[in-house]
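Written out below as structure tokens is the structure these notes cover.
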Amino acid sequence: MNENQSDEQYGRARVQTTPELEAYYKELESLGAGALWTVANDIEPWEPKPSSIPMLWKYDDLRSLVLKSSELVTPEQAGRRVVYLVNDKRKDVSAAVGWLYTGIQVTRPGEFTSAHRHKASALRFIMEGSGGYTVVDGNKIMLEVNDFVITPNSTWHEHGVEESGKTCIWQDGLDIPLINALEANDYAVFDGTQPLVKPINYSPLSYGGAGVVPADVVWDKPYSPLFKYSWSKVYPALLEAAKVNEGSPYDGIIMQYSNPLSGGHVMQTMGASIQLLRPSEHTKAHKHTGSFVYQCAKGKGYSIIDGKRFDWKERDIFCVPSWMNHEHVNLSDTEDAVLFSFNDLPVMEKLGLYQEQAYIENNGYQEKRE
Amino acid sequence: MNENQSDEQYGRARVQTTPELEAYYKELESLGAGALWTVANDIEPWEPKPSSIPMLWKYDDLRSLVLKSSELVTPEQAGRRVVYLVNDKRKDVSAAVGWLYTGIQVTRPGEFTSAHRHKASALRFIMEGSGGYTVVDGNKIMLEVNDFVITPNSTWHEHGVEESGKTCIWQDGLDIPLINALEANDYAVFDGTQPLVKPINYSPLSYGGAGVVPADVVWDKPYSPLFKYSWSKVYPALLEAAKVNEGSPYDGIIMQYSNPLSGGHVMQTMGASIQLLRPSEHTKAHKHTGSFVYQCAKGKGYSIIDGKRFDWKERDIFCVPSWMNHEHVNLSDTEDAVLFSFNDLPVMEKLGLYQEQAYIENNGYQEKRE
Amino acid sequence: MNENQSDEQYGRARVQTTPELEAYYKELESLGAGALWTVANDIEPWEPKPSSIPMLWKYDDLRSLVLKSSELVTPEQAGRRVVYLVNDKRKDVSAAVGWLYTGIQVTRPGEFTSAHRHKASALRFIMEGSGGYTVVDGNKIMLEVNDFVITPNSTWHEHGVEESGKTCIWQDGLDIPLINALEANDYAVFDGTQPLVKPINYSPLSYGGAGVVPADVVWDKPYSPLFKYSWSKVYPALLEAAKVNEGSPYDGIIMQYSNPLSGGHVMQTMGASIQLLRPSEHTKAHKHTGSFVYQCAKGKGYSIIDGKRFDWKERDIFCVPSWMNHEHVNLSDTEDAVLFSFNDLPVMEKLGLYQEQAYIENNGYQEKRE
Amino acid sequence: MNENQSDEQYGRARVQTTPELEAYYKELESLGAGALWTVANDIEPWEPKPSSIPMLWKYDDLRSLVLKSSELVTPEQAGRRVVYLVNDKRKDVSAAVGWLYTGIQVTRPGEFTSAHRHKASALRFIMEGSGGYTVVDGNKIMLEVNDFVITPNSTWHEHGVEESGKTCIWQDGLDIPLINALEANDYAVFDGTQPLVKPINYSPLSYGGAGVVPADVVWDKPYSPLFKYSWSKVYPALLEAAKVNEGSPYDGIIMQYSNPLSGGHVMQTMGASIQLLRPSEHTKAHKHTGSFVYQCAKGKGYSIIDGKRFDWKERDIFCVPSWMNHEHVNLSDTEDAVLFSFNDLPVMEKLGLYQEQAYIENNGYQEKRE
């Protein structure tokens, strides 16, 4: 392989334009055609080219605005009462990063949305409140802070908070921009509320065991039968793993939320992870394909993304675009810090597009640019 | 499910703007955020929404221009001497339809390109000439008219025509726009020409048997080990199938080019098919997700796409965007017609996005709109 | 299909012997051949034919004999100090049922075996004691009562009890008879003791989480990376499932020990399950292919197997041969009963041999024959 | 690992018997138990231990006897008129080698069997005649010499020869002994003759293409949709492969009959291969797990199996037991020789039991023992 990434070499387009060529290009254009060499170097970049920039959204800034939405509009009017976070470079597709959408949803006690479904997949990470619930294809699931819950593509779903609960705020993650771009999204409204088909919490109580799965139930869906991943089980698992693992140099102790019936990602197009940074841990930098949205679930620290520092604490949300170097730091020297994240890794992996590169300069730590 | 697809119903965003809301939206915008209900109905369409329009490129129009390119630029200057076909609605991404690129490449006897590779996958369908060849990861493969050949993602590849051959023209198909959009493309130039690692035509001679595969060779790549699908074997297979099959109501006798080691698509992101329309056959209309580029390999006929008629004969190229009704007609009452096509079905299928709908009005035939 | 299972019909061998045929048979025999019709009805039975009989081994009978072995022989002499349980009809292959071996092993504090490996797979269910451990491919794992632990085929393994522990008794399960019958078994002795390659309990602490798996570790083995399934996690999972599941009519609340990276069986040739019979539960009878060895982990009850009643309580072991009707009863009306079992279901399933049939007479309950 | 395979070492059972132990053993026996160390070394062999011996059945010897059977019994009486070949060491299970059955069946013009099915799988290799056919689940398939045809487990099947044909002789291969041993076999008789559900030869005409499969047909069975592998396509594929492949040192040019929808074995429990030995080719010896039955389809030569020479020519049948060294020789220096074989490799592979070892002494060639 040639390490030279200059366009001034054999194998790249280097045609000088001439009046004759200009005329030729016009003729082609009139026929719905063009000369490849006029665009080749642009559409064949040497390395993956992200269109997003790294961004961080502070919960301190957003929380009051999110709550205010519950005074300004009703769920009936709004469909869902959500403040969405948008990347400065992806406003055209309403994405937080790459092709991923994220938003913050608020639901007051006694409120609930109508049920709907779409080809886009959705997930939630609970930030505040109590008595929240999701109904997925007739399965009602109670939610607590830091729980992770999925509503896979084409499942009917609705959300609400019990009268006896407290105002709930959660982060939504969807691949709406991706499914729209792939010209495959759809939407349907459920007529009325879903009838429950199973006892409350059937899914997590049946599939939430460790190393055991129901032996007499057939599951033939292409996503996890475990719809809720409880913080009360996930955080202890992180702590157990931390006892015996060195961890990843780039991510500390990192675990993937997984489909217990396949060991793979929870849904067909989006995956999610939870990672623990030990006190004072400062990971090395690497970059890889795939877009990531993070929420700090515990502790405080910062990440350096493409050379720029982003400080975060509990509930802050930030993103890492594809192929941008990033490293994470836990600022506490006594407490662990925990980052939740979701991503489009299933897409990268299934299509053969995942690649990763360690940052080797400066012993693996980016020089801050500012 | 509610068949009503009006936005004026519960479950869709129906917020009337007010000065207070306008102020709220501004505040959100200053924080890199927005109110979901201002975009929800746009980003959650009721049905898949293609961004492309159907188009047909007549070979009679293009052939002379393609040949002319060989007088205007050299392969050394151009990288590859290709006229690409671009959808009127996808000029920004240089796509023929959806996220698929296609072009027509000309190579004169004795010419060859330098070797390169990219994360995008490529395929070719041979239109004219003799003595053409492709080298894929050190495997040299000779090409004949109507042969289908693949150069999977990240394989080194180069093309040429033997001195003793005749000017070759072939159609290129790539998923460059998709891989760019997924922010995962890369490119590398091979230093010099690839050394051959196997005898000429090793791949088709080893894996081109019917129902038998080498028992002593391990193949661990995520794409087909059969790099060339010879017309001399494919067309007879179509004829054999036609003897005993009714065929698809929408596609006639249709076969998928397949990886003999998996039965699946030839590559991770693009698939291809060959279909035979029997004399006078007029298929019914349907629509499905996924974008398609067709080339007529034999015969003449027309397709009605989204209500518009497109007449084609040998070597004409046309496209069918996602979720557009289409039906095909063989205009001859004595000869069969054969359509080659390539598509992004592997993406649709792996991501759980494939869906299909028969056109039921008018006994399955579209009323022409013009 | 013809429900008639008489051999006196067309399609079954019904040849009357004659002197001429006798001579013909002799001639064939001299050439290493025979006439199929002389054996066809025997080798083509109408239904699966088990060779084993149902048996139960009472722990009260065996425990003292098992302990006595530790006075009679040393681990050095015996290799492993095990009393094995053998089916009256399978003594020729040392199997407890079908092609499955089981035994009861005793290890005193401070004792340990040497390491070895074999193509047969092994598993253990802990019956008594404390301070026991297994080392699997350099992973040391501590064992407690009712824990289930695997030592997959061709992994190096050894067992022992810490000096500070109490005499341990556990049940071994192996597929030695099967692997011998398939002419594929082997054996190797490790030179000295295995060096530990990971911290103690690395496997259960890393892979014992519910719904999360290490994101940064590659596992490419064809068996579970979770070597120990702790009773302290499995029993609560059973109780949780019991809250929201009706359970199987034949097995009560039944869960399969599973490979968290595939959702499938723990090993390639043997599976294992844990099932809870609710107070007074009396399941219906069914039969299926596959051989099963049970151990009562908790409570007391009985099973009716092929019409015969077998009473069991904690630590008793019994077997159910292939294609024999069986039903289970919890004799307590206040406490649950728990049965551990292991089986050759992976073999049945992978080879397409699993089938199941409900007992329909008498509302699903077998008439006791005695 | 310890290369020492002596039982006189730590890790093997080395208990000297005593009167006290004898009494102990008796007590165990009375409880359906035994001491493992009395059988351990026997049931845990150092290497795979075949129970069969290599054998060869000469067609010259058998042909007249096979034909004679058609004078002695009718298909109505015999079920199927078959001479089966039995290993001297496997008479108890009617196996030719390991757990595989083989026989030679004769059918005269106008004769046909009744339809039946069983959990055992079956295959056929055509030796003589014309006008033969098989009906598999309503698919009638015409057979020619050297064609390979499958009747997978639980498919209804029947065979016959058209009135206009010539007496057909074919080799049957079944895994009856294995499925019986696994206690999973069954049998059913079809009431009358199967109605045809597809045009004649639907399967080979639809799935017999090279690198293309029907795009509009769903196949969800665990075996190949291609029921017949025609010599007219297979032999040319062998010749094509021979042009560009070195071949296996142990098998020459060897191809596996494969399921075109998976690339894997044709059925769940049995596989089959076809191999070409080039003029004068003498392969090296190796051994592996799995049992094999061969038929010479073309040419003449010999095989050395476990040190013993077996000469074969067209239509001779021989077997290679598990873990026995074998090498093949083509005795012609001008013509190629072709060996068909079937095996239980799917079982070995799925259960993780396949292993292979090259013969290294004497440059890879066995010294003949006689």
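Which chain is which? They are A, B, C and D, in the order written, and residues in each are numbered from 1.
We adopt the following convention: a residue touches a chain if its C-beta (ideal position, glycine included) is under 8 Å from a C-beta of that chain, and two chains touch if they have at least 3 such contacts.
The chain lineup, named per UniProt: A, B, C, D = Cupin domain-containing protein.
Quantities reported herein were computed from a predicted structural model and do not represent experimental measurements.
K.L.:
Using the contact definition given at the top, which chains are in touch with both subunit C and subunit D?
P.N.:
Looking at subunit D and subunit C together, no chain touches each of them.
K.L.:
Touching both subunit B and subunit D, which chains are there?
P.N.:
none
K.L.:
Do subunit A and subunit B, two copies of one chain sequence, contact each other through the same residue numbers, with over half in common, or through different ones?
P.N.:
Copies use mostly the same positions to touch.
K.L.:
What chain lies farthest away from subunit B once each centre is taken as the mean of the Cα atoms?
P.N.:
C
K.L.:
Can you give the whole-Å distance between the Cα centres of subunit B and subunit C?
P.N.:
52
K.L.:
What is the distance in Å between the mean C-alpha positions of subunit A and subunit B?
P.N.:
Distance between chain centres: 30 Å.
K.L.:
Find the geometric centre of each of subunit A and subunit C from their Cα atoms only, then give the gap between the two centres in Å, rounded to an integer.
P.N.:
Measuring from centre to centre gives 43 Å for this pair.
K.L.:
Among all residues of subunit C, which ones touch two or more of the remaining chains?
P.N.:
none
K.L.:
Throw together a list of every chain pair that touches.
P.N.:
Chains touch in the following pairs: A-B, A-C, B-D, C-D.
K.L.:
Where on subunit B is subunit D touching in the complex?
P.N.:
My answer: residues 198-202, 205-216, 224, 226, 229, 233-234, 236-238, 240-241, 243-245, 247-248, 251, 254-263, 273-275.
K.L.:
Taking the complex as given, what residues does subunit A use to touch subunit B?
P.N.:
It comes out as residues 1-2, 4, 9-15, 20-21, 24, 27-28, 31-37, 39-40, 43-51, 55, 57, 61-62, 65, 68-69, 72-73, 76-88, 93-94, 98-99, 101, 103, 113-116, 118-120, 153-154, 176-177, 179-191, 222, 268-269, 289, 291, 321-323, 346-348, 350-355.
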